[in-house]
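Chain naming follows the written order as A, B, C and D, and within any one chain the residues start at number 1.
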Amino acid sequence: MDEREAEDILRSAPFHQFLDLSFSEYEEGHVEIAVPMREELLVNPDRDLVHGGIVASLLDIAGHYAVLSEVDTRVPTADFRVDYLRPASSKPFTAIADVERVGSNLAVADALVEQEYKGEVQTVALGRGSYGVSHVD
Amino acid sequence: MDEREAEDILRSAPFHQFLDLSFSEYEEGHVEIAVPMREELLVNPDRDLVHGGIVASLLDIAGHYAVLSEVDTRVPTADFRVDYLRPASSKPFTAIADVERVGSNLAVADALVEQEYKGEVQTVALGRGSYGVSHVD
Amino acid sequence: MDEREAEDILRSAPFHQFLDLSFSEYEEGHVEIAVPMREELLVNPDRDLVHGGIVASLLDIAGHYAVLSEVDTRVPTADFRVDYLRPASSKPFTAIADVERVGSNLAVADALVEQEYKGEVQTVALGRGSYGVSHVD
Amino acid sequence: MDEREAEDILRSAPFHQFLDLSFSEYEEGHVEIAVPMREELLVNPDRDLVHGGIVASLLDIAGHYAVLSEVDTRVPTADFRVDYLRPASSKPFTAIADVERVGSNLAVADALVEQEYKGEVQTVALGRGSYGVSHVD
């Protein structure tokens, strides 16, 4: 699927609008999604900590679009794992995903969420998911 | 942690307010969270399909509070797996979680999201997570 | 697949012979595999602790045959998660698995390994896997 | 833990002797384990396919020793995920693992199993696990 079509789908989901997502990179098998920081993403207004469900969702969404960039079909998530490495604080972050394999029925993608911390880019969380694919171009 | 304190935390997160979450059950080691359906939870306004990231977040949140009901500390998710069994459609659903084990450093909780479909309750997705615990009551 | 055919496959694998596996139950969607204790399964001869890789393998194997009991095709594991709840000690144990769902491309099975401890049956570990299925009976 | 001590532990497990494991690399946070091919590792003597439980075990073992190389304590696997990308055939392979993070209670390691196929090195399976750590050097 090409970037314009994928971007249309990305922007059509109300949840993605809540998260204000857009592609900063979109290549075959590799996508990066920029996520601006907003107070709504925090666990609560008094703590400088992004909600884990949002981090997990971003990993899944990035993996999904990485697979989508290689095929021309719907790619529902079959299953998904997230590992949190460090708390995500109230700064912009990026979700990055790469396709590990596209098979005849299933694709596997790896994702990470990263964020700048004291001048360095740090990985906040890792994700890995299996996505159903019906037919591959 | 008792229900009132947990409910305060549940309601304080803007993401939970977006999802409009409340406990329908809260016992030691077992919680149920009612989720009303709203168009914002769908993949897009034209498809009768709940966003997978939202289902995953609900599983993680339910597991988190199930662990919290047994301890008196923060319980950050260490890692998490979700398996999608069936698409979730635009109806109210419930996230249910049970604690499998609380250890000295880590707790494991199982969760599921269920929804009524043609008069029957169906499991939409399964979740299992590891949660850090510092000290157990 | 019927029990006799499944038992033939179970017994044909050298790794299963190393583990000395046999079915104690085999129904459609549910299998139980009995595992006798032998010193070779321990982490080392001086510690009363079963090797985690063996526990994980048993969970995967049990899930595999639970799916196989419902279909008539090969069912390669696509991905798999194991959660260790308690150390497994040097006693016989049982691996139990149930199918959660069989779809057109993928099946999900849940498994556990249990063991008697001080007169009670305890769950040692939990497993959940996705298995490829080509065609369902 | 230094290589000699880790190698002693690696060799003391009967299951590792069954698999005939040895380190081909052992650095802080990174290990590689060489696995010679033997017929006992195959699904059955007539199929050129390594048993998935063995591949999963190797991923877990490699991750375990990668964490061990950074700490001076026991590091029991808390939970573990494996994704199979391609069937492993009857050739020698290597299990490689890297530590992603060592926290105060938990470490995360990534692992892969690779094998030469038609002159190219291919990744056969991916693993990611959480390991309990009590105290870090």
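Just so it is clear, contacts are C-beta pairs under 8 Å (C-beta built on N, C-alpha and C of every residue); 3 or more make two chains touch, one makes a residue touch a chain.
Everything quoted here is computed from the prediction, not taken from an experiment.
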* Structure fact -> In terms of mean CA position, the chain most removed from subunit D is B
* Structure fact -> Higher number of C-beta pairs in contact (A-D or A-B) found for A-B
* Please report how many Å separate the Cα centroid of subunit A from that of subunit B, as a whole number. => 20
* **subunit A and subunit D: spacing of chain centres that average the CA atoms, whole Å** => 28
* Structure fact -> Shared-interface residues of subunit D (touching two or more other chains) are 78-79, 81, 83, 108, 130
* Asked: Which residues of subunit D touch subunit B in their complex?
  -> 78-79, 81, 105-106, 108, 130, 132
* To do: Could you pull out which subunit A residues touch subunit D in their complex?
  => 81, 83, 85-86, 100-101, 108, 110, 123, 126, 128, 130
* Asked: In their shared complex, at which residues does subunit C touch subunit D?
  -> 9, 12-15, 18, 39-45, 51-54, 56-58, 60-61, 64, 76-84, 87
